[in-house]
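In order of appearance the chains are A, B, C and D, and numbering begins at 1 in each one.
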Amino acid sequence: MKKLKFGACLPPFGSCADRYCLSGYGTNRTVPEMIALASKVKELKGIELVGNWHVNEKNFDEISVCLKNAGLAVSMMVPDLWTQAKWGKGSFTSKDASIRRAAADEVKKSMDMAARVGCDKVDVWLGQDGYDYAFQADYLEAWEQIIEGVRQCADHRKDVKICVEYKQKEPRTHIFTNNAPRTVLLVDTIGRDNVGILIDSGHSSAAQENPAEAVAMVNSGGRKRLFYIHINDNYGDWDDDMMFGSVHTIEALEMLYWLDRTGYDDYYTLDIFPYRENGLRAVEESIAWVNGLRGLLEKMGLDRIAEVIRKGDATESSRLLREAICK
Amino acid sequence: MKKLKFGACLPPFGSCADRYCLSGYGTNRTVPEMIALASKVKELKGIELVGNWHVNEKNFDEISVCLKNAGLAVSMMVPDLWTQAKWGKGSFTSKDASIRRAAADEVKKSMDMAARVGCDKVDVWLGQDGYDYAFQADYLEAWEQIIEGVRQCADHRKDVKICVEYKQKEPRTHIFTNNAPRTVLLVDTIGRDNVGILIDSGHSSAAQENPAEAVAMVNSGGRKRLFYIHINDNYGDWDDDMMFGSVHTIEALEMLYWLDRTGYDDYYTLDIFPYRENGLRAVEESIAWVNGLRGLLEKMGLDRIAEVIRKGDATESSRLLREAICK
Amino acid sequence: MKKLKFGACLPPFGSCADRYCLSGYGTNRTVPEMIALASKVKELKGIELVGNWHVNEKNFDEISVCLKNAGLAVSMMVPDLWTQAKWGKGSFTSKDASIRRAAADEVKKSMDMAARVGCDKVDVWLGQDGYDYAFQADYLEAWEQIIEGVRQCADHRKDVKICVEYKQKEPRTHIFTNNAPRTVLLVDTIGRDNVGILIDSGHSSAAQENPAEAVAMVNSGGRKRLFYIHINDNYGDWDDDMMFGSVHTIEALEMLYWLDRTGYDDYYTLDIFPYRENGLRAVEESIAWVNGLRGLLEKMGLDRIAEVIRKGDATESSRLLREAICK
Amino acid sequence: MKKLKFGACLPPFGSCADRYCLSGYGTNRTVPEMIALASKVKELKGIELVGNWHVNEKNFDEISVCLKNAGLAVSMMVPDLWTQAKWGKGSFTSKDASIRRAAADEVKKSMDMAARVGCDKVDVWLGQDGYDYAFQADYLEAWEQIIEGVRQCADHRKDVKICVEYKQKEPRTHIFTNNAPRTVLLVDTIGRDNVGILIDSGHSSAAQENPAEAVAMVNSGGRKRLFYIHINDNYGDWDDDMMFGSVHTIEALEMLYWLDRTGYDDYYTLDIFPYRENGLRAVEESIAWVNGLRGLLEKMGLDRIAEVIRKGDATESSRLLREAICK
C-alpha cells in the first residue's frame, strides 16, 4: 500500500476550548507559532486555515510566508461560516438576505485565497445552518437556499473545489446537511463538477453511520464525489474529536480499507481537539494509528479481505480481523 | 382540516411476540379473527396484509371475503422478504442469486395480489438486507443489487406502486436503506414513477431524524415521493412500536403539520406492537392522538404556524405550542 | 398545587458561547448587567453564581449589593471546579495532590461565601472529573478520592448543603458521577446529612434516564436526598440546555408530578443556554411551560393520576394525558 | 495470566429467533442436541439452563444425564421470569400479588435445581420488570417490591448465590434494574452475602457504561459483588448479542484487564445470539477473541498498564495500545 499524505487542522497546536473553559485548556499560541509547532510533525504535509480564526486579508501574506518557511502546504481553506455571532442563525439559510449574500462572499473570498496559496479546495461546513426547535425551520426553503448558495459559489471559479462537510448536530441541535446520503443528494442536485463531499470520520460515526459505508456511498453509481477526508474518533453520540482509531478501531480499519478500494487519493487530515493532551503528540499518535492500521490491512491481505467480503460470513471476517490484531 | 383515512397493521389484533416470549404476550388469533377484531375500530378503513404471516395463494380468497364482510380495504400488501430464515442474509442483496430471484418473485406476486384486492401499493421493506459485522458487506455491490431488484419489480406492472420503507436497524444491526435521504437517493436512481417512499415515523425517529423534516425531504425539489406513512412512537434508539404521540409528542405534531403542508393524502396507518396492552384500545388511542394533535394544529392556526416558521424565532414557536397545549 | 419558587443561572442574561463561537452569540454583559436583566423576569426569586465566572472575593460585596437592589436571592453558589485550565484533568480526582487540595479549598470558600449571602447550598458539579480514553483512569482510586474530597468539604460546615450534580459527559467524554443511582451510592457512602443530590433534568435525559424515575430513586428507601433541581431540555444525547419542556414534554410533565409527590420544596432553577434566542424571553417561556404543565397536572387530577399509576395500564395513562393535552 | 473457564448460553447451539422470524434463522434442536453440539467446543466447561426454555421438573433428570455425558457443568441456572406471557407486566413488580409469589417460587425452585446439579448460582434477570409509558409505573413501590422479592429468595437458602443481571431496556422499554450503580444500590440495600451482580458486557455497553468501569464499580469500597459475567458485544444502543470483541474491541480489552485486576475468578460466559452465523463457530470465535485480547494484555505488560493508568496521559495509553495491536 502506498504512503499517505497527512494534513492537520490547527487546534491541536494551540489551545482547545469548550463552553466551560473558554480560554482553553492548553497554551495559547499565535497562528505563526501554531504553524511552527505543526512543522515538527515529521509526516505532516499540509494544514487547514479557517477564515477569521487563522487567516484574513490582512495577515494573509504573513501566514503564507510562515507556511513556506515551515515547508507546509495549505491542504484546505475553510471559509468562516460559523465562528462569529452573525452566522448564528444560519449562513446560506439565514432568514436575512444580506447574511446569505455575506456567506456566498465569504466562500468566494476563501476560494480566491485558496487559489493564491496553491490550494484547490474549500471546506463548506454549514454547521450553523439548521434548527433547534420544532416549528422553527422551513425545511424545503432552507434546502433550496443551500442548493442555490453552494451552486453560485461553485460557479465563481471552476479551479477550486467545494467540499461540503456534513455533521448531524453541533453547534445546532439539527444541521440540514447531516449525513452522507443527504449530502450526496445535495451534490447530485447542484450538478457541478467542482462540488463534492468531505467525510469527517467522526461526524459519520456520530451520525449513526459506518464511515466505511459512507465512503462507499459517496462513490456509488460511478460518482467520484469523495473530495477530502477528516479523521478523528468519538463515542458515537457527539463530535468528541478524539485521536483517530481510539474508539471505533475496527470501523476505522474498515474505512481505511474502503478509502483504498475506492481510490481515494488526497489528504488524510486530522481534525482532532486534544483538549487535555499534548497536541503535537496527539497528532503524531493519530498518524501512527493510521499507519499501524494500514499495516494490519496488509497483514490481512487485500485479496483475502476481498474474498471474505465476497463470502459475507461474519465468523470468517471475525477470524481474519482477530488473527491480524491478536497474533 | 379534512378528516383522515386510518389504516392498521394486524399485530395489535393478535399477539405480539419478541425474542424472549416467542409465543406472544397476548391472545393468539387467526387472521379472520384479527380482521373481525380490527373491524370494531370505528375509524379504521384499511388494513395491511403481510405475505406468509397473513396471506398466501391458498387463503387469499378466504381472506378477501373476510375483509369484504368486515368492511375493510387492504391499504397495503407487504411482500414477505423478512419472515423466514431463507431471507436471513438478505433478499435482493443475498449472495445467492436464486434468493435474489425469489425476492423479486415475491414482490411481483404481492403486486398481483394487491391488484386483485383493489390495493395499489406494496411495501418493500428490506429489513434483512444489510450487515452486522465489519468486513462483511460489499456496500457498492449491495446498492446496485437493490436498485436492480426494485427496478425490475417496478417494471412488472405500472398500476401498483412500490413503497420503499427504510429503517436504521433491526433485524440487521445495519440496514442498507436506513434513512430518508438514502431512500430518496435510491428512488431517484431507480427513476420509475411507481417507486416512492414509505416513512414510518418511528423508524425516522430511531434513525436520528426529525420525521417532519423527513416528510419535507421526500417532497423536496418537486419530488412527490411520499407514497405512504406508518405511524407509531419510540424512545429514539429502537423501533419500540409504541402508541403514536406517546413520546415524541411535539415532533409528532410537527410531522402532522408537514404532512398536511406537503399535501399527503393517503392512509395514516398504525404500525404498533402493543405487546402488553389491549391492542384494540391501543389502536383507538393512537387514532385519538392523531385527531387530538390535529385539533391542536387547528387551535394554533395554520396561518399562524406558517408565520412563526417564517420568523424562525424559537421563543415564538415555543409560545405558540405552549399556549395550544397548556391552555 | 402550590406556587413554585423559580431560580435561574446567569448565562441566559449574557452571551452564550460554544467552542466554535467563543465570543458568544448574544450580547456580552457584566455581571451587574446580567443581574439587572434577570430582575425583569417577574417570577424569578433567585439566581446562581459561579465562582470565577461571576463572583470572587474581590467583587463579592459589589455583587451582593446588586442582588439586593434587584430583589434577587442567591439560590445556589457554584464553586469553580471547571472553568479554568487547571481543573482540566480533574479537581478532586486530579493526579496532582495540590489540585485536589485546591478543589477542596474552592468548595469551602464557596460554602463560606454562600453563608455570607444567605444561601445554604453549593453545587458540586465534578464535570472535569472523569476520563476520555481507555486505560486512562483508575476507577477505584478516583471513586475514593471523590468520596474523601466531598466528605471533607461537608465537614467544613454543617449549615451549608453540598448538592452533587451528575452528568454523563461533557466536558469529559466520561464523568465519574454520571447518573442518579451512582450519585445516590456516593451520597450514601459519604454519609453526611448535608450532602445530597442536584438533579438537572437535562443531564438526566441525556444519561438515558427518565427524570421522573430519577427523582423517585433519590427519594427511595426513605432517603430525602433531592436537595435541588435544574430544569432544561435536550434531544437525549447531549446537554443542549434548551427551554424546559420543549422536547421531552411528557417526561417533563411526569417529572413535575413526581417532584410534587415526593415533596420537593425548593427552587425550580433554569439552567438553559439560549445561544440564539432572546435569553430573557427564553427564561420566561420556560417558567410558563412549568406553570402550564402543572396546570395540566391539575386538569388530569392528582387522584386520578395516582389511580392510573396504580393500575399500570398504558392505554389508560395515554388517555388521561391525551385528554388533558388535546381537549 | 491464568487460563480462563468458559461458559455459554444455549441459543448459539439452537436457532436464534426474533420478532420477525419467530421460527428462528438456524436449525431447531432439542436441548439434548444443543448440549451435544456445545460439547464440541473444546474450551467450554459449563452451560446455562433457562427455566421453561430448557429445563423443568419433568426433564431435569434427562438433561442432567446429557450434561454428564457431555462433560459439561451447569455454570448458571436461570429462573424463568421472562419467557411466558404471565410475566409480561412484571414478575417481582407485578401489580398482581399471585404473580409476585409465583416469581419468588420460580427463583427458589431454580435455586433448588441448581444445588441438585452442583451449580451454586442463579441469574435473576428482571427483564419484564419495568415500564413502557409515562404515568405507568410507581417507581418507589416497584423498587421496594424488588428488594423484598430478591431478599426472600436469598433467604431461601444460603448456599446458592443470586446474581442480579441488569439491562437498560428490552423487553421493556425501561427496566428498573438498568445499570451497574443501580444494581449495586439494590444489592447494598438487600444486604445478604449471597446476593451479588451479574455484569453482561453488552448490557453495560448498551446502558452507556464502560464495562471496565462497571466492573470496578461493583468492586468499589471493598464490595466483592461481581459474582458472574456474560460477554458479548453490540453497537451501543441495543443488546445485539454479537460475538465478543467485534465492536467495542478496546473497551473489551480494558474490561478483561479490570476483571483480572479486581480478582474475578469465575466463568466467562458467552451470551451471544448468532442469528445468521454458525453458532458453534461464533462461540469459538468469541473464545478466541477473549484469549487473543488477553494475549495483547500480556504483550502490553500488566505493570506497564498500571503505570500508564497511574499517569493518566491519554497519548501514552494510546501508544501502549497501538503498539500492542499494530506491531
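In the analysis below, contacts are C-beta pairs under 8 Å (C-beta built on N, C-alpha and C of every residue); 3 or more make two chains touch, one makes a residue touch a chain.
This one's a predicted model, so the numbers in the text were calculated from it and none came from an experiment.
Trainee: Tell me, which chains sit next to both subunit B and subunit C?
Mentor: Common contact partners of subunit B and subunit C, which must touch each of the two, are A, D.
Trainee: Applying the document's contact definition, name the chain pair with more C-beta pairs in contact, A-C or A-B.
Mentor: Looking at A-C and A-B side by side, A-B shows more C-beta contacts.
Trainee: With chain centres set to the mean of the C-alpha atoms, which chain is at the far end from subunit C?
Mentor: B
Trainee: If you average the CA atoms of subunit A and of subunit D, how many Å lie between those two points?
Mentor: Those two chain centres are 40 Å apart.
Trainee: Find the geometric centre of each of subunit A and subunit B from their Cα atoms only, then give the gap between the two centres in Å, rounded to an integer.
Mentor: 35
Trainee: Hey, what residues on subunit A touch two or more of the other chains?
Mentor: Counting only residues that touch two or more other chains, subunit A contributes 89, 132-134, 235, 243, 246, 250, 276, 313-314, 318.
Trainee: Spell out the part of subunit C that touches subunit B in their complex, as residue ranges.
Mentor: 236, 243, 245-247, 249-250, 274, 276-278, 281-282, 285, 288-289, 292-293, 295-296, 313-315, 318-319, 322, 325-327
Trainee: For a test of understanding, state which residues of subunit C touch subunit D in their complex under the given definition.
Mentor: 89, 95, 131-140, 143-144, 168, 174, 179, 181-182, 184-185, 188-189, 207-208, 210, 212-213, 216-217, 219-221, 250-251, 253-254, 257-258, 262, 305, 308-314, 317-318, 320-321
Trainee: Spell out the residues on subunit D that touch subunit B in their complex, using ranges where they run on.
Mentor: Listed in rising order, the residues are 15-26, 82-85, 87-89, 127, 132-134, 169-171, 173, 234-235, 237-238, 240, 242-243, 246, 273, 275-276.
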